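A short write-up of the structure that comes next.
To keep things simple, chains are lettered A, B and C as they appear, and every chain counts its residues starting from 1.
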């Protein structure tokens, strides 16, 4: 009866891309090639490095990608610093997938989609965005509002410009916090930009970013006439087990690792403000 | 129902210990505690052990696996050994109920196999209480200290130990001991049971009930202004958490011995400041929030997720051990009292 | 005494000397009072309690309280006053924001010691002169000598003197008392190193790392303890080795050396009954022997032996000399 959910599998890093000064995207495969496991958009995985710890990261690649998984990771602590200094060929511990994921094949199907992200918050959304792009016929219009501190902090900038913007029926709206040389796009915070753009209320919205951005954007959408049942978000809290047992990632009676990380915003009204 | 004269108790324990590891509460410095039985060790008469019995299934620390890194290669080694079967003899009704509360977490999908393997290997012999403490309130959770759950329930009465199998495991155990046991009538313990039940109802906490908690919505409990005064004196230690038989939060940490990294888990407490600390912030920064989390978990969150079952068994350890005399009964009474304007 | 304290607290609230009162709030039983802040005469009447079980040292709470607006009334027992004075020496409390009424203490009882007498199901405890009269649900009445069930810290009380106050409830102060608090330490010193190691191994192996000793300790006032700080490299919640098990307590004892007033709270709160005070007392005894008698918290603005240097200080070799003789 060996093996346990807490025991990771081995994954090998097959490609590393520097996205922004502090964000890198890592490609992970099983040691023998292929993916370590399958997932649905919005789900997460626990990555670990002996001596540096273990942490929960959203899987940024779409499950429609059959060749590999990707993780976009911002350098901010002990584990992420270690991950940022590793080289291609490095093996890491990986276990998952964890969490509920987005209802891409149910609630989202046939809907016009509005993705709103701030900073590294694009990482969990990239999986859904690319899923929708790969199953284009299943979804309506797609709008993406994405903001970061500066031009250099926009994650996946090349992919956004070269692929997303080139797609039919996808409208990308970029913004940065402060004016910057070489930037002729919109300047301002995401919540305000969303209100300025003023979206049609038949869309299904997904917000991801820092808690404060989520709160203000949700308020903005409500002002525009969105019902909270049309708005989804994805959360991040400290996790150790990933399976609802270690007891720390709860918001009220919901565990982010198990009952989340995806929540519909009307659920948040019944959850304490501890995130 | 079977029985054996208490004068032959050692023979009974010796027989069990022949084939399995046997743990019994014995008196020790710092209060009664479970120890592996060997000839000469005497079953304690204490109402309960200082530490709860959760250690048997959820130890303070346990190794999970080893990781070795050679160059860029990683090797993950399951270091578990097949443990032996064991018997816990003399656990009280509250602690026995705590096992099913722990089960509801650790055995829920996906099963925690570390926990499950110990649970599978254990046979629990419970011992009915006769001298409850004033800090006992197990009856508030529908626990009958006079008729404890467990694979085998036992009663000490008038020079005899009465034993009743309550599961297949229990029947197997009593079967193996059958030549030492004689048949007995359940009536023999009825008087004792009535007396214990009366004691429990007549003690200061005999009328404590938590059911009223369910009348109020989660958010209203959460927003109750009483949390401020309740948590004011909390020193943020983990005593309540660690003496609690149902507190099961854990941390996963690692120990680097130079050759390999050993992943282990250990008890953790939501009362600690680093419990929810992340590289970029903390979702529960104040002691008020941490204190509230612990009691909300036991009295609201756990019942919400587990068919109304509270995360408390009324063993009273936190009432006896909290350095500042705060405890779950005071919390319940304060939350149930009308809100102040 | 409780009534006199409540009466005085009400006067000081009424005349505006203070705007709140630090005290102990009545619990479910006689012995589970909780330190609390009272804001009104009504609150005092409803919940303020002072009895033979209100042992909690409230000095440490005054760190937090004196960072708030207004002035707080604190009733300090002699041992609490040593802790408070030491916190003043370390600039951890704002003396001007506390009005201190010194109260005498003849000793506080340890509920665990009453239980250890095999008494269960207590329905009431009455104080009668030098005795406790304990009634149980089994309809038993036990008469217990108070002294027999005093907390360790009270049995070995070092002083009845209140070292810092604005007024004294009784009008007169106590004085240092002869005690035998170093006897246990001397016994440990008389052991062979192996015996001593076995003694501590046995005691410390019971530790559940609840941190109650540290969190209650008036000398442990670091904003962030190294053992809680992931960046310190020392953070540990559970001992990965038996060495780490000992390390936490030994490092803590070193850190409070020279600042520990021997208030005894560490041993009072330990849920596993580890005699932690013995570690601190060993340091105190050593300091007394090596540098001359010293009592932390006794006087104002003193440097303690560990932070001061004199040319006649003991040389490091003293460790070998003392250790070599088995002491």
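Operating definition for what follows: a residue touches a chain if its C-beta (ideal position, glycine included) is under 8 Å from a C-beta of that chain, and two chains touch if they have at least 3 such contacts.
Model, not experiment: these values are computed from the prediction.
Between subunit A and subunit C, the least number of touch steps comes to 2. For subunit B, the chain whose average C-alpha position is most distant is A.
Note on chain placement: the centre of subunit A and the centre of subunit C lie 51 Å apart, centres being C-alpha means. Mean C-alpha positions place subunit B and subunit C at a centre distance of 30 Å. Centre to centre, using the average C-alpha position, subunit A and subunit B are separated by 39 Å.
In subunit A, 78 are the positions where the chain touches two or more neighbouring chains simultaneously. The set of subunit C residues that touch two or more partner chains comprises 230. Chain contacts: subunit B has residues 251, 268, 277 touching two or more partner chains. Touching subunit B in their complex are the following residues of subunit A: 1-10, 48, 50-51, 53-54, 76-78, 80, 87, 89-93, 236-238, 240-241, 243-253, 270, 272, 274-275. Within the complex formed with subunit A, the subunit B residues making contact are 64-65, 67-69, 72-76, 78, 80, 105-106, 108, 110-114, 117, 218-219, 222, 248-252, 254, 256, 260-261, 263, 265, 268, 270, 275-280, 283-284, 289, 293, 296-297, 300-301, 304-305.
Contacts from subunit B toward subunit C in the complex involve residues 29-31, 45, 47, 50-51, 60-61, 131-135, 199, 202-205, 229, 232-233, 235-239, 241-243, 251, 253, 255, 262, 264, 266-269, 272-274, 277, 319-327, 329-330. Residues of subunit C that touch subunit B in their complex: 27-29, 31-37, 56, 60-61, 111-112, 115, 118, 120-123, 137-138, 206, 208-212, 214-216, 228-230, 235-241, 265, 268-269, 271-274.
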